[in-house]
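Please go over the structures that come below.
Two complexes are shown next, each including subunit A; its partner changes from subunit B in the first to subunit C in the second.
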Partner chain A sequence: MSRWISILWLAFLFSIPLWMIDLYVLHILINTGIFVIAAMSLNLLLGYTGQLSLGHVAFFGIGAYVSALVSLGFDLELTDTYTFVFDAKPVWIAFLSGIIAAGLFGWLIGRVAFKVRGAYFVIVTISFAEVVRLVSLNWIDLTEGPMALNNIQPFTLGIPNLWEMTLYQKIPNYYLVLVVAIVCYILIRRLVHSRIGRAMIGLRENEPLATSVGVNVTHYLVIATVISAAMAGAAGGLYTHYFRIIDPDIFLFIYTVTMVIMVVSGGKGTLAGPIVGGIIFGLLPEILREFAAPEMQWIIYGIAMILIVFFLPDGIVPALKNWWKNHRSKRTDSAEMDAGT
Partner chain B sequence: MKTVKSDMSEVLLNVENIAISFGGLVAISDLSFNVHKGEIVSLIGPNGAGKTTAFNIITGFLKPNSGSITYRDKSLTGLAAHQVAKYGVVRTFQKTSVFDGNTVIENIMMGLHLNGRCKVWEVLLGLPRVSIENTRLEERALEILDLVGLSNRASDMASDLAYGELRLLEVAIALAAEPALLLLDEPASGMNPSETASFMKTVSKIRDEGTTILLVEHDMRMVMGISDRVVVLNQGEIIASGTPKEIQNNPKVIHAYLGYGDEDA
Partner chain C sequence: MLEIEGLNCYYGKIEAVRNLSLKVEKGQLVTLIGANGAGKSTTLKSISGILPASSGRILFEGEDITKASARTILDLGIAHCPEGRRVFPYMSVQENLDMGCFRRSDPKQIESDLEGIFDRFPILKERRLQMAGTLSGGEQQMLAIGRALMSRPKFVLFDEPSLGLAPNLVKTTFDIISEIRDQDVTVLLVEQNAYAALALCDHAYLLESGEVTLQGTGEELKGNDYVREAYLGG
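This part shows the complex of A and B:
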């Protein structure tokens, strides 16, 4: 049953560029897809381990900046006489560097931050994101600060010197984002259905009990943070090479909040939750733009959010699952009664 | 009647002179006792005697101010809780404590954490051994559910279980961690007499399969019926220790539970 749903879903997603001729719509879908990946990565941390990271955008931004800088190359005046020169590298190396850099920062933050938990963890992550934003704003030699890094290379596919394709167009970028999203989804699904994912869920559900059966809290929280950060970094890399310009605004707190909204409204701790939430809150502002004044758009956006949190506190996906379960059991009940009479 | 195998067999757990205080409150002033392999030892005493605190210290949830805990010649003093579990010392909790949001079998599989070996990268790559291990853990989980008699509830949510079943599930989760020494903190509280009777059988069965048991319990019928030895704690000190029969007739114990008649007056 659910297998067929996923196959239909995939077929639908892969077919969109075939019949959707409006490039603007594709652009919105790419943008939404990037945020869905970020939301999925946040869900691993927030949904499965139960730790609220309000600095998640930092990993996204680090992935974006590192990927941009590695692909552009840069030089740093380390001393008066010595300048460190970093040559531009192919985009796929840049993309991987961004993922690795974000993962490393995830490890660092995980190590430091999980010494303190709960509210303190939230504060540490917010501060981390703010520090990274200030660095990107003020380290002008490296990041160009508010002048932004621009002319960033788009992705290229193919074999060097033989056949290459540079992804300037929307359609290949759409497929690239889709493939990365699917890979992230599969990785997360494998993880949460394994012993490692069970340890994470155990920590969320009942930490003392989990430790009493031998789960090393810090170890598993750090694993979750590293993987989550690396995926956010991948989303950042996609963003960079698609939009081809980034500035320190990428680290704004509102992006973290958007990711949290996507995860919570869709259903935290479910695989489909961040996708559903991400699609709704990624597309909603764009759909509203068609027929509402800007002020109204944000009001409707806010009301939608409040309604979801108020009526479906566990999120949309768990609510649908429950509804489906009740619906089914009701049907079998009445079938049994019919058979009885 | 039960045979007392104390002193003859190997000492599994040795608690020596542990003391702990919270601020000005002395919870345990000086506690020493040991548990032999294959025994069921009960730790009893009035409320606030320091039984649960002793459990917390042994299993690494609290650090003692002084004293030492030795398990099979290895020191457990100062180890973190998850490390203690690795040695094979596993506890249950006084307040019902399961993974509420998961099914019964998932609860057991979480308890089987130390039984699995697969690394993160193996999981991410989806290697075949990961799913082989998963199947193995699932089968083991079903065996454990069988042992405690919850097999028919395997796919129900833990939060849907009745109280007595929840207490069994807790023990099953602890058993999944393959303890050599199992510490049960008031496992029978809230059970009705027939549930307690069948629970006593389960505990004996667990012991017969080779697990040593340290029990904290208020239900005296259970304590006296099942224990090889009883250690009585009052106000952070041991006031008596011996076979259930010796304890029942010990005047100090009666004093701790009931008070002297008019001696203080």
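This part shows the complex of A and C:
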């Protein structure tokens, strides 16, 4: 049953560019897809280990900046006489570097922040994101600061020396984001059903008990942070090579908040939650734009969020699941009664 | 098998256990009784490595485990069945039992141990795929005991297993604990239900404000005037 639903879903997602001619809609879908990946990565931490990272955009931004810089190349005047020159690298190497850099920072933050957990983790992650934003704003030699890095290369696809294609257009970019999202989804699914995932969920549910069955708390929290940060970095890399311009505004707190809203409204700790939440809150501002002034949009956005949290505290996906289960058990009950009479 | 010498434990600045010494021989069922806040649970936590001891020594089969991590202690064969929230509520019964053998990597043995647990607690087999949080209090206690046994312990620490259970379930729980002892697993039991615990045990310690004030066989403590007055209701 659920297998058929996923196949239909995938077929639908893959077919969109075939019948959707409006490039603007495709652009929104690409943007939404990038945020869905970021929300999925946040869900791994927030939903499965129960740790709230309010600086998640830092990993996204680090992935974006590192990927941009590696693909553009840069030089740094280290001393008066020595300048470090970094040559431009192919985009896929840049993309991988972004992922690795974000993962490394995830490891660092994990090691530092999980010595003290809970509220302290939240504070450390917020501060980290703010520090990274200030660095990107002020280290003008490297990041161009508010002047932004531009002319970033888009992704290229191809077989060396034979055939190559640069992804300037919307349609190939749409497929790229879709494929990365699917890969991330499969990775997270395998992870949460593995021994590591069980340890993470155990920590969320009952930490003293998890410790007493032999789960090494810090170890598994750091693993979760590294994977989550690396995935956010991948989303950042996609962003950077699609928009082809990046400035320190990428580190704004509102992006983290958006990700948290996507995860919480969709259903934290569920695989489909961040996807559903991401799609709703990715598309909602665009849909509202048609008939509401910008100020009204944000108000409606806020009301929608309050309503979801108020009426569906576990999120949309668990609520739908419950509804479906009740609906079905009612049906089988009445079927049994019919058979009985 | 287990020997504690001069154990002191603190929660911050509050002293929870003071100069506690006790001894558990192999195959025995030893119980710690005492009022709320006497330091019973704290003692168990420091044995299993969840709460590090401030000073004193804990020896298990001659090995010093005072500073060892919870994992090492588990690997040595000590399982802890904590009080209060005993299960992982949003995991299925099966997953809870799997958590019990988190440190083990012998799938075949695990499979047969699991069958053993299901034979002992048929209700768990029936509810295998149900969320643990939706089980009744008694079933959750069975699950917690089952999970502790999944680590193949030589020594089990039970913390208030009868707490919050209906009276008929209290009896079942104590029957199970005594069965576990009969299978050559040593047991250290912490109980508020002093009467039941004393009836069951080989040796008992009375804890008051973090100190051992009395010890002896179950019968001796049951016959003691002070214990009768203060803990057995006259």
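Everything below uses one rule, namely that the second predicted complex is superposed on the first by the 341 of 341 C-alpha atoms of A that agree within 3 Å, B and C clash if a C-alpha of one lies under 4 Å from a C-alpha of the other, contacts with A are read in each partner's own complex, and residues count from 1 in each chain.
Throughout what follows, contacts are C-beta pairs under 8 Å (C-beta built on N, C-alpha and C of every residue); 3 or more make two chains touch, one makes a residue touch a chain.
Values in this document were obtained by computation on a predicted structure and should not be read as measured data.
Undergrad: Clash or fit: subunit B and subunit C on subunit A?
TA: Verdict on subunit A: clash between subunit B and subunit C.
Undergrad: Regarding the shared-chain residue A:G202, is it in contact with subunit B (first), subunit C (second), both, or neither?
TA: A:G202: touches subunit B and subunit C.
Undergrad: When the two structures are laid over each other on chain A, which of subunit B and subunit C touches more residues of subunit A?
TA: B
Undergrad: Classify the contacts of A:G214 with the two partner chains as first (subunit B alone), second (subunit C alone), both, or neither.
TA: both
Undergrad: Is A:S15 in contact with subunit B, with subunit C, with both, or with neither (first, second, both, neither)?
TA: Neither partner.
Undergrad: One more residue to check, A:R190. First (subunit B), second (subunit C), both or neither?
TA: A:R190 contacts subunit B only, not subunit C.
Undergrad: Going by the contact rule set out at the top, does A:I223 touch subunit B (first), subunit C (second), both, or neither?
TA: The answer is first: A:I223 touches subunit B but not subunit C.
Undergrad: Share the list of subunit A residues that count as touching for subunit B in one structure and for subunit C in the other.
TA: Residues common to the subunit A contacts of subunit C and of subunit B are 195, 198-199, 201-202, 205-206, 208-216, listed in rising order.
Undergrad: For subunit A, which residues are in contact with subunit B within the complex?
TA: 186-187, 190-191, 193-199, 201-202, 205-206, 208-217, 223, 227
Undergrad: Show me the residue ranges of subunit B that touch subunit A in the complex, using the header's touch definition.
TA: Touching subunit A: residues 59, 61, 80-82, 85-86, 90-93, 97-102, 106, 109-114, 116, 118, 120, 123-124, 126, 130, 133-134, 137, 173-174, 176-177 of subunit B.
Undergrad: Which residues of subunit A touch subunit C in their complex?
TA: 195, 198-199, 201-202, 205-206, 208-216, 269
Undergrad: Quick check: in the complex, which residue numbers of subunit C touch subunit A?
TA: 48, 50, 69-71, 74-75, 80, 82, 85-91, 95, 98-100, 102-103, 147, 151
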